[in-house]
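There are structures below to look over.
Next come two complexes, and both contain subunit A; in the first it sits with subunit B, in the second with subunit C.
== the complex of A and B ==
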């Protein structure tokens, strides 16, 4: 185990949501959304996280970027414990792309403002190579990186299609010069032809910037195509973890087997 | 030409939506046939007109906005007389809708009424369609038994218990089973399933598709399955129709479509699918993509609607829109180069 290569390490992570009853909000029980999960992501790696709805995939993603506080456990990002850090600090090198490109962009802000905001924040925090870059220039550069023309900065989210909006969301994440991107179902609301474009974009960005991804998805075909390693999650626990090819060819856990046998096979 | 096993025939159907004095051609000149006991797949990306077609077949389009501008939808009765659904008066239409042609939708939770028990909702469907309006005691027991039978048919455990549940007490898969039970409550001949499993998890999806397959065998249903998922279509359908921007691009038997696509759009769709069984796992090479995006229906390109994105494009593609070219007697494609793509 080469620990220098470790970008993220998660140990025994738990998130319990209390179920409260009555006017005094008496806590009656807990929903164990994430129940003792440990894993790591190496530099330049794409790790897949699959599972059914309600298995806790998104909760893990949200805890990693600090949108939820863990009930217990540690999250080490580049050997620093970030689980207790302030969100504004932690958000820097660890970014998230959301599933729904329609609700994750503010409809009242122009694309330039949405991305420019992130660029400005990144400039302020200083420890980056584009610190001196003009905000507008940086925004246009980012749009071009994700395959949109620079002149769309004055347009609003409703003027774009789903795939284009997802590109804007990716540009916003890239504005922070992240090292790890949590992609939470990045293509599941997109059409097949657009889905392939976005998957290619993500893998191009990985090569270009040396990014790592945690790809959260329910689509086992996407995982097979993109991820080097995969974790299978069920009821808040990781039931199986391994190199994608060996998990797909020789699933050990009966749940993984059931999941894999449910994929509609293509006659190709 | 008149084959007797055709149960539904759509001829030259065109539908327009009108929104703030813009005309949106949602469907243009659609023709298709559905055989008895067959499963026909309809594939396309969002906005291509799949759901509009499903709604048009049952005349469910919102009258103020959606207008069927031309075409016929011919339904063959058991005595093999043919009825044009579009010409029916509302009263006669109600005898077809639900009784002969039934539909299930994508999102079972939003299709069920949250304030009524599921049993009541199925009972209501039966009561309305059978004109069994009188609420006598004997009638009620009979209806209840019928609902229980239906819930058994869709393989829900403990039907007596489940019929007293409210929709929110059931999982997505169970809700979809309730929808199927409701759709089958009047023994329809045709079931239109509009993305029936898109909102469900992959293991539940398999269960629901297996159930539909079994019910089809048992009840002799003809099914139109609308989906964007080519994997589901491949497993489930005997024939496939590919839609693009409100028009049919290709019609073919499923095997033929996957192994010998006759249209660049179909080819592009198949190439852009991730995780094909042939590719090694985790070997993240680039997917072949279809460049650009689906055209705006109010601003369609001249000629073939796919030509701006097509890698096989020749000069005449942007001139006149191609008609159907036959690859063989069951396989047609709207492409000048249909026979030369290999």
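== the complex of A and C ==
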């Protein structure tokens, strides 16, 4: 792969959380949530990031979209250092889908507001009547893209099921016209049957809009079905990285081997 | 919903009855009777005249009969006449209501406004110097006895600086003033009582909105709003504040009765011609019908306020439905 094809490159990324004690807030030790991680994502690629809880997967996702500031290291998005970009510019091209669709939608705002707000931010339109109508139309189109009827714009999050809410979350991320979507455990709080629907939707959207994904998950089966490449993370470090099929068939690191052997299988 | 409403309204009846019985018993247990208040300082009144007064007021009958007579009148909404000046109780309350309302609406408005501002701004800057000094400030207001602060303020602004009137609602020369002068006169009389009562009430609500805000800004949907790339102000004032307001609106409903019942100590210190002072004067002169009237109205309003708060809650949050 040549470097022109690279959408995102991460070099030696670190995030340490200080542990402070006593009245003077003396820093006694650091929790190394992410400890020197380097990887890249190519255009149109789905990269899987697996690991157990607490291994630092979500912290990486949050740093990529700018919700957390890295302690050290650089994140290059299309060869530009994101720390020099404005937060709102970065937010446009790099979006995140959260794990829990029940808590990640504001219960007091209608679906139209949640998505429309992002549309407006993306288009930088004013608040006049014509612009409002355009935003409404765009919102409805987005809802249809993710498989929801357009008329639900006036409904509130509590009126939807988990799968539908995750679709709203995806529409919200799409509203910003992103090139890379960080999907942080996008299906782990959904039923198995719904999981497949959402994963299919994500892969349809990838083809339609030329998206790339970083799929953060602890579910190794999901990775096997969806991802081209996979990284295995443990204690803030990446222990193995490679093409999914070869990692699954010939794991090099003992931890990967252990993870793979712990996949529950139904005796058929 | 209607069934729930009717049930709640019916439930108010035994509560009001119980409270009226308690009030009735307590004021009759208190030493001294309304007759003593009128006669004890007058050497010309003999035992005969006293007995006539007793029977005139109906105070010679057994206590339960007195209560029964009062209750029969109250169900027709007749609160009786004051023992002190013979005027209908309901008129006395009606003329004291506007000053109390004016004072309390203003101070409650100030409390809500500043409590929200202080609460939200210190939650956003949690554990900073600003947050901590606001905490000290509101608890200062909470801890200082209101009557003492009121006296200090009177001393400072009324006597040492001489820029504000000390007490009452109107100056002696009120009737001679122009319209603008009348308005200014009222405002200048309002400043001290409104400030003192608002300062004292700030702590409760501002701490409440602070902790409520802290809870909300940790929610996932706030993280979502930030991930969209929204400006921080939009995140706080649009996404978070809306969720903070719900418990606050409920609290507003709960403070409705305080709007009307007034504060006895407060209005007495500032000689404010409101309901609280009416109650104080009535108790001092053992004016039974007025005491009972004020307490019944305060009870009814408290219960209505609670009911309104519950209904507002159901209205705002679609997930709450009463059966």
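Observations
We take it that the second predicted complex is superposed on the first by the 252 of 268 C-alpha atoms of A that agree within 3 Å, B and C clash if a C-alpha of one lies under 4 Å from a C-alpha of the other, contacts with A are read in each partner's own complex, and residues count from 1 in each chain.
Everything below uses one rule, namely that a residue touches a chain if its C-beta (ideal position, glycine included) is under 8 Å from a C-beta of that chain, and two chains touch if they have at least 3 such contacts.
Computed from a predicted structure; not experimentally measured.
In the superposition on chain A, A:149 makes contact with neither subunit B nor subunit C. With both structures placed on the common chain, the touch criterion links A:221 to subunit B but leaves subunit C unconnected. When the two complexes are overlaid, the chain among subunit B and subunit C that reaches more residues of subunit A is B. Once chain A of one complex is fitted onto chain A of the other, the partner contacts of A:249 are limited to subunit B, with no touch recorded for subunit C. When both complexes are overlaid on chain A, the residue A:258 reaches subunit B alone and has no touch with subunit C. Against subunit B, the residues of subunit A that register as touching in their complex are 46, 52-53, 161-164, 191-197, 199-200, 203-204, 218, 220-229, 243-245, 247-249, 258-259, 261-268.
Interface of subunit C with subunit A (complex): residues 219-231, 239, 242-243, 246, 318-319. Subunit B contributes residues 45-46, 201-203, 205-206, 209, 228-232, 234-236, 254-255, 258-259, 268-270, 272-282, 284, 286-291, 293-294 to its touches with subunit A in the complex. Within the complex formed with subunit C, the subunit A residues making contact are 65, 67, 87-88, 90-92, 95-96, 98, 100, 103-109, 117-118, 121, 156, 158, 169, 172, 176.
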